[in-house]
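The next part holds the structures, each set out as structure tokens.
Both complexes shown next keep chain A, but they swap its partner, so chain B is in the first and chain C is in the second.
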Partner chain A sequence: MRKTYLAYLIVAALATLPWVVGGRYVFHVATMITIMIPLALSLNLMLKVGQLSLAQAAFMGIGAYGAVLLTMRLDFPPMLSVFAGGLLAAATAAICGPVFLRIKGVYFALLTFAFGQIVNLVFQEWTSLFGGNSGIYGIPKLSVFGMRFSTTQHYYLFGLVFCAVCYVALRLLERSEIGRIFQALKEDETLSRSLGSNALAWRVAAFVGSALIAGIAGGIYGFYIGFLSPDAFTFWLSVDLIVMNVVGGATSVLGPVLGAIFIVPLPEFLREARAFQLLIYGVVLIIFLVLIKDGLVTLFERRKPG
Partner chain B sequence: MNIRKLAVQLLVGISLTGLSIAGTLAEPIKIGVIAPLTGAGAQWGMAAAEGVKILAAETNANGGLDIGGEKHQVEVIAYDDKYQAADAVAAYNRLLNIDGAKYVFLVASASTLALKQNLEGDAVLGLTASVTDKAIDEGSNFMYRMLRPPVDYMPPFLDWVRDNVKERRVAIVNPNDETGWSQAQLTERLYKERGFEVLGIELYERAQQDFAPMVTKIQGLNVDIVELGSTSPATAGLIVRQARDLGYPGLFIKVGGTGAEAIVAGAGNEAAEGLVNVIFADRQNEGFRNLATEYEKAVGQQPNEYIVNFYDAANVLVQAIQKAGDADDAAKVAAAINDVLPIKSVQGGDLTLRGAGNREIMAPVYVGIIKGGQVAVVAEVK
Partner chain C sequence: MVYQMLMNGALAGLIYVIMALGFTMIFGIMRIVNFAHGEFYMIGAFVVLLLFGSLGLPFFAAVLAGGVAAAVLGMVLERLLFRRLVHDEMPGMIMSLAVAIILKSLGLITFGPAEHTVPRPFTGTWQAFGAVAPWDRTVVAICALIILAIFYLFLKHSRLGLAMKAVAQDPETASLMGVKSGQIYRAAFGVACLLAGLAGALMAPIYNVGPYMGEMPMLKAFVVVILGGLGSILGAVVGGLLLGLSEAFLSTLLSPLAALIASFAMVLIVVIVRPNGLLGRTAR
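Here is the complex of A and B:
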């Protein structure tokens, strides 16, 4: 238990680091971490019900495009659009979920992969709405109650708050009755169903929740970067989220947080290496996976079965 | 005593020399390059980075940039954006915040559009190779384009085709996406305006590799020109090879984008013979050959044609900085670009300023024809 608090202490110290070091570049890297943490958590939620979803990048894209278009085309207040974008992603998951989640295992992964490809193709081909491969640019800055997010620090603060909300919500979920139902579904679905739990409904709920988180993160991304194109929401983003869960440890909610904190800035640390950046990135990942097989979280929490 | 005096004199001498060196060697001028240095676009990105680096090395070898009597070395810092907007923003923030660069070269459209607002807000001068018309608009004060966009070079290129090619029946082939659609629309209009008969427009998916059905349909149209539009060079090579295999005897033209070497590599010398392609660099030109030699020393390969455009644009920038007399004020440097042009391209010919908001540096463009597996320059596109 003490070790978990140590992890919280380290994460809190790291969260204040941008103010200590200072500079827009550091705040940018930190902001990207706060965008990726909720995304990694959204995948973790699906892993909790035993399903590997490759649709998280698509949900992020739906949230991002949805939020940005609501503001740019329909004059929605940007902050409202961010959450509306999340709801749009959640609604998409609610429609697709009952069909997708009848399938399990590798077939579900393939189905969500196909879904992600279709969504990306729609972003590419429906140019009048999504701007095609040229994307959408000139996206206004976020604002709330008349206060404009004019600096990277504003986005970082907002991202931190959103991360904290997601983490606390998923931590409470993990420790609640629902968390135990999820665990039972993952470990022995037949037994769980024989005890009366509606496996499909719970899985759909997890899918919708994960899409909501990914969609909101997408909205923040869209307003922060100021440019959207389908390239940002490909299958490879979903792969990055898997890496964050594996490196951090997928058995606990803390795992993807640690994974994102480690993985997102890694290419930036290696920028100086230039030609060898990708090679070193790969070697570092292999070393971590070999030495800390169950993820960074095992350094701070007792290992859980599975 | 004498030794002591000598030691004191030496120390004073060394100190004065040090002070003198410190006085004349001022802060280096830092130029950033944000480009895809890995992945599918690496050939373009590497050519971009090395083009700017070669120009900087030449400037430094000549003693550096003289600004108000102070000699400044030129330092080039290239970062990989992996063709991703978020990576470009990270690289930009690092260039601005950590490295202290005030000038940025950009390759990808995604990076250009993502950084457009930042450049204006931070008063950082950007030079982009992106041909999207969205890169430069009325609010752009700090963005310049370094390539002639298709809308500028395509009409005179097709004038040359009209005057030098006897075939007149055209099928236009393009990828089925926004780039392909707009390219198809533009080329159809331009071909028709020049008296060509456009008999069909075929669109294919970017990932497609089997073009036999499409080629069969085109053959049924009885065309004698296949216009490959904005098809990537590797895919163009595939189409050419498969069309020749199916017995298409006519002419291939590719007006949208360069890459004749890659087309030959994909199609083979025989199949690609006679293909007419727009090219940005004359590989037989002495200026290009010198750049290619330097590139080969650094990278170990032949460069993409882009190297010429980035070298030329870096030359324009460096001369503008010198003309402005203030390396820290990008607004003054932007204004000075107008004053330093026209200047000579490394390939000969003039670099001029015109186009959108007078912010496009127009470089020479050529008509190339593949002969015996090599690209021969037959005309300059005026």
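Here is the complex of A and C:
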């Protein structure tokens, strides 16, 4: 596992890169990476219980709109709103989860797809609350202990802290007994149920946790960008998160982190056209699915026998 | 009013059936959820835009060409990308997402993000029992019925159709009987994409044509197959008509968004009460 430390070193070096290179734009891309890493991790948590969730973008949207509206309409302090938005997303998952996860696998993917589309349509159509396709403007800045986040660097630092918290939490979870239960559920549900684990409850717990992370990331995004519209939270964002997991390697927690670092800056080289960006994502995804099945993370891991 | 809603529901529902049939067939035979199904619908529509809208070829020739184009592309992609993932649900889904992204981006690159209009080959309306139906939608519905009838005869009476059903029910026994699974996968993917392409081609003059046009029909197809039972042909027919009718009633009485939310609620209820769908196989 020596090589894992190498990966940590590389990630840490990349994290300081924006200060070396400098410039507002570099910090913007870096901040977007720190928002996408927790989202990719939230999808990874669902993959750990063997389920493909296509609702992560919707949870991000619920967190983002929830947080921003709590501050703009009810005068919540922005920082509190970010976490309240996350809780809102988690509560939604807690309500839907027991139904969605009754039937697993393909049905779960289809149900979360439909859920995501409908949440997005609600953002578009309920104009009095969500502002419709013209969106919500004039979102105030975040602040901690009276200090306002006035530059991109502040958001970047905050994003880094949140990434680290999510990563450590998921890593601890993976190593704990719960991690083993998740793995058993993924590999042989009947067997793990016969050993007394409540399959549905653990899956719902993973779903709620992943929605919480996605919701908080959404809140940070909302206050950072300062403008919300439904097209930031479409199904295609959920697909981007899948691309990050496949490219980085979904079997490890480090995988989605590497995936996000690799994937998020990619379209910046061809900023002009969303079309070419999609094309590259698709081609990269197929290359990894066919040729590099376990993702970038394999570069840093001992080859497992067999 | 009731007749009008029944009519609207049947006209919409028939297209949902065509979309859902192909989708459910690919799943039933290959265990692959095809997220690119809406993109094959888009391809059919783009072919009509080119051949009928720009070059002025006869409408039905353009529709057929649209279906065939989608089918050929589907068969090529099946051989190159999907064959290796048959019966492997998660990677299969992700591969279909990759294909969906690529096809959509190619649509965006070739035709731009804007929506194009295709001139209507049929205009005017007709009436029955006080309900008014536009001719263009009626022609689509008649074509959908013809497609359904041919599809039914194909499954029931052709060797290939029977072999497909055999593979869907029990791949091992089917292969013992000399059915070559590779051929069946190619044929199933081809027929499914043919259906999606025809649906898109038929709908091209009714809705606008653009790279994002496949998303809504795909969402509807998902709803239909969960309602009817994934992998069930009869379920797709019943589910499609049910969805078309319920939407027609609710969007007339309430709003289109309410209808969509209600259809999702309907899906959730089916999931709770009958997890394998209204007509899905219970043994699992």
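The rule is simple: the second predicted complex is superposed on the first by the 279 of 306 C-alpha atoms of A that agree within 3 Å, B and C clash if a C-alpha of one lies under 4 Å from a C-alpha of the other, contacts with A are read in each partner's own complex, and residues count from 1 in each chain.
As a working rule, a contact is a pair of C-beta atoms (placed from the backbone, for glycine too) under 8 Å apart; a residue touches a chain by one contact, two chains touch by 3 or more.
Since the model is a prediction, treat every value here as computed from it, not as a measurement.
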(request) Identify the partner contact of A:137: answer first if only chain B is touched, second if only chain C is, both if each is, neither if none is. (result) first
(message) Looking at A:24, would you say it contacts chain B, chain C, both, or neither? Reply first, second, both or neither.
(response) first
(request) Kindly classify A:32 by the partners it touches after superposition: chain B alone (first), chain C alone (second), both, or neither? (result) first
(message) Is A:292 touching anything from chain B or chain C once the two structures are fitted on A? First, second, both or neither.
(response) neither
(request) Once the structures are superposed on A, label A:178 by its partner contacts, choosing first (chain B), second (chain C), both or neither. (result) neither
(message) Looking at A:125 after the superposition, I want to know if it touches chain B, chain C, both of them or none. Which is it: first, second, both, neither?
(response) both
(request) Answer with first, second, both or neither: which of chain B and chain C does A:225 touch in the superposed model? (result) first
(request) Pick one for A:278: touches chain B only (first), chain C only (second), both, or neither. (result) both
(request) Check the residue A:14 against both partner chains and state whether it touches chain B (first), chain C (second), both, or neither. (result) neither
(request) State which residues of chain A lie in both footprints, the one left by chain B and the one left by chain C. (result) 125, 274, 277-278
(message) Show me the residue ranges of chain B that touch chain A in the complex, using the header's touch definition.
(response) 37-38, 78-80, 83-87, 89-91, 93-94, 96-98, 109-110, 113-114, 116-118, 132, 134, 176-179, 181
(message) Could you list, by residue number, the parts of chain A that touch chain C in their complex?
(response) 50, 52, 99-100, 102-103, 105-107, 109-111, 113-115, 117-118, 121-122, 125, 235-236, 239, 242, 246, 273-279, 281-283, 285-286, 289-290
(request) Report the residues of chain C in contact with chain A in the complex, numbered from low to high. (result) 27, 33, 81, 84, 89-91, 93-95, 97-102, 104-106, 108-109, 113, 215, 219, 222-223, 225-226, 230, 257, 260-261, 264, 267-268, 271-272, 275-276
(request) Quick one: which bits of chain A touch chain B in the complex? Just the residue numbers, please. (result) 23-26, 28-29, 32, 124-125, 127, 131-135, 137-138, 152, 221, 225-229, 231-232, 267-268, 271, 274, 277-278
